[in-house]
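Below, each structure is written out as structure tokens.
Common to both upcoming complexes is chain A, partnered first by chain B, then by chain C.
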Partner chain A sequence: MKLLTHNLLSSHVRGVGPRGFPLRIQATEVRVSPVDFNPDFVTRMIPKMEWTALVEAAESLGHLSELPRELAEGYEKDEEFLRKVHHVLLEVEVVEGTLQCPESGRLFPISRGIPNMLLSDEEAAS
Partner chain B sequence: MTTPRHRPCTCAKGGLRRWWRRRRRRNMALSNTLNRYLLLLAQEHLEFRLPEIKSLLSLLGGRFSSHQEIHGKSPFWILSIPSEDIARNLMKRTVCAKSIFELWGHGKSPEELYNSLKSYPVEKMAPFLHSDTTYKIKIHTFNKTLTQEEKIKRIDALEFLPFEGKVNLKNPQHIFSILEDYGLDPNHIPEKPLNIYFGRWIADGQRELIESYSVKKRHFIGNTSMDAGLSFIMANHGKVKENDIVFDPFVGTGGLLIPSAHFGAYVCGTDIDYNTVHGLGKASRKNQKWRGPDENIKANLRQYGLEKYYLDVLIADASKPSWRKGLFFDAIITDPPYGIRESTRKTGSQKEIPKGIEKCPESHIPVSFNYHLSDMFVDLLNFAAETLVLGGRLVYWLPVYTPEYMEEIVPRHPCLKLISNCEQRLSSHTARRLITMEKVKDFE
Partner chain C sequence: MACGGRRPEHRGPPELFYNEDEARKYTHNSRMIEIQTQMSERAVELLSLPEDQPCFLLDVGCGSGLSGDFISEQGHYWVGIDISSAMLDVAVDREVEGDLLKGDMGQGIPFRPGSFDGCISISAVQWLCNADQRMHNPAKRLHRFFSSLYSALARGARAVLQLYPENAEQLELITTQAMKAGFTGGMVVDFPNSTKAKKFFLCLFVGPSGVLPTGLGTECGDEQERKESKFSKERLRYKTAKGKSLKKSRDWILEKKERRRRQGKEVRADTRYTGRKRRPHF
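Let's turn to the complex of A and B:
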């Protein structure tokens, strides 16, 4: 699971609503794999991200990589900055671990890099 | 007795040549840019072709307009395209079209063709005919075979065109084509062509992708892996472009993600089946006992050098999505399970749809089939309305029981506009329809 994906994921346990985001990562295996840098893609993704949650998630994995805690103006032209964002969004992967709903505590396992978000009928929001 | 070289030329060809020279010398003002192109299409997936070309022209900034009625079955379409750049970019995407030509003339007989060529502005021909260039002329005939002699005769008949360059059959700078249309019925081939076209070849389409991405060669497949051609058509109907995020909520073995990744989009998906996503369990390929460790969606992308476009795949129930609120996807391209080959499930209700819908009694569709289907498609359309960017597209297959199909059963949503609906027959009573919708209004 990449941190870009983590930034879009939310728990949908019944009753948690928007408080199901962001999921807390407990990683037992993290992998860093190089991915081709594409500044246009990174620039497009930044506005879609919840920046604070991204920084927190990267930090919790020990891969903050000097990412600033706040977005500065004109980041589109700052290649060094975009490379840092690229690294955090696409190159850091949680291979084994769990995601935890911050409100209900429900755990979602990650296995071989694939999170399992299935809820039973009773747990899920209607 | 006059010596032959002093005798003035009086043959018809000579007359035409003099006529051309007069036109060039006249220094004509540039006539209205016609920008007409002849698109030569492959004769398969006929219903899917027009939506593919329209979607691509819209993606590339052109508008679709045609100078003649587009006969659904004809392989020849004459289109107006604003520039040659757009025409080339169209061919970099289409798997429905074989080639595109800058149309210089056409007619229903050789005489009409030659008159048509005479009306084509000389200034537009000149850059490709001048003495520094090399060229060759090809002839294609459709639904008829000509002898070599007949072909040469037709090419020679175009000698009146002011070609000043040198013929180079191996590696010419410019290729011109005569295309003769002898209709669509192999049992009734007319004596004379119905239409003849002449144009400058510009580019070929992407039909070779169908072979290079063939499912036969793919490492990881499932029971319902899509034919490569159709999966590329889906990405084109979806107007997928570079740096998009494309999502498949019923991702299976990820076959539908591949064309989007090929076109430069970043791809992700979900599936409810743990084994499929992880590449575990019985293999779908005959003679294989189990799926190896390299059989998964990421491996499929890696096989084609597209690994960098792989975002993630999750185990999830498409009817209970796990995304936070936001507009994340540029396109949703999917083939939902519909109980014909693989069972449809929701968590908590492991009802298996009776397989082999072809065996259904003539009078009705089983109740469970209807029930599961309508839920799933309502969920899908709501999901698309909530998570697509404005202008983003949803492309999905809708199964139909042909004797009872009506346009009204195609699911609708106030935020989504129906763009196209193309049928593919599966059996005598069943078909599936490729539905393309575009988000035109924000949700809530």
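Let's turn to the complex of A and C:
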């Protein structure tokens, strides 16, 4: 699971709503894999990111990699900055671990890089 | 996929139907790969994404990642969701570029509002119409799916869902729930006159209604109804109503050779002699 996905993932346990974000990561295995840098894509995705949650997640994995804690203006032209964001969003992957819903405490296991988001019938919204 | 007349949805829930054997079929059967790739191509075409812009897409029922591979080839990024562990395992083994999630679309799409620039789904949504467990209610599950999908899509985004509706009632049920969730749009049917080639694409828009594209194989019908006949020296390449090349024509021969190459068989190279007219004594 890449940090890009994690920053958009939100718990869908019944009754949780927007308080189901961000999911807390507990990682037992993290992998860094190279991905081709695409500045257009990174620039387009930055406005969709919850920056604080991204910094927290990267830090918890030990891969903050000089990412600034606050988003500065005019980042579209700053290639060095875009490369750092690219690295954190697309190259850092959680292979094994768990995600925890901040509101309900429900744990979602991650195995082989795939989070298991299946809910029981009681947990699924009516 | 329809097989032998019986629908797979009647055999049980998707997480059991798509086991290791079925998953293997999806990655080794060249015909299946061909069909899935064609439908993915058509679905992405119907998405009408802005040119030369890398987008972030959702693939519902991504399975072993066949459709996802096509999305990656087009330069886009994607997240796939599927309920079958066996299929997802194959996707991981195939090292697909998209991120994968194990989940049940009938429980909702667990993403923040406006996450995706578009969504495709190949041969998956009809599985929502079956109540596999006592507490399942197809209408509720469809509503949960469509309303969470609507929320997860950005304004102006589209969802193109290829599906195999069992009958008119099912089609009605699906489209009604989609409209209730706030989507506009409708059904695009390719090759409506052919039982085998007919394909349904539910095209949904978030926001003001776009123009619904026409289905393939519908324009050809109009041309044939012209009252005058045109005489020309032009040698026409014929295609049947299914969109397949006429048997034994050069196009057909080239397609067959390509199919066999994909199966890994030894095939002679294509030259200017391939499929040329022989002297009558052949």
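Quick notes on this structure:
Keep this in mind: the second predicted complex is superposed on the first by the 126 of 126 C-alpha atoms of A that agree within 3 Å, B and C clash if a C-alpha of one lies under 4 Å from a C-alpha of the other, contacts with A are read in each partner's own complex, and residues count from 1 in each chain.
Operating definition for what follows: contacts are C-beta pairs under 8 Å (C-beta built on N, C-alpha and C of every residue); 3 or more make two chains touch, one makes a residue touch a chain.
What you see is a predicted model; the values in this text were computed from it and never measured.
By the touch criterion stated above, A:21 is placed in contact with chain B and with chain C alike. Touch criterion met: A:115 reaches chain B and chain C at once. In the superposed model, A:41 lies in contact with both chain B and chain C. Put simply, chain A uses residues 1-2, 4-5, 8-12, 18, 20-21, 38, 40-41, 44, 48, 50, 90, 112-119, 121, 124-125 to touch chain B in one complex and chain C in the other.
Touching chain A in their complex are the following residues of chain C: 53-54, 56, 77, 79, 81, 83, 88-89, 92, 99-104, 107-112, 114-115, 133, 135, 140, 144, 148. In the complex of the two chains, the chain B residues touching chain A come out as 242-243, 266, 268, 270, 272, 274, 277-278, 308, 311-317, 320-328, 347-349.
Looking at the complex, you find that chain A touches chain B at residues 1-2, 4-5, 8-12, 18, 20-21, 35-36, 38, 40-41, 44, 48, 50, 90, 111-121, 124-125. On the side of chain A, the complex with chain C involves touching residues 1-2, 4-5, 8-12, 18, 20-21, 38, 40-41, 44-45, 48, 50, 90, 112-119, 121, 124-126.
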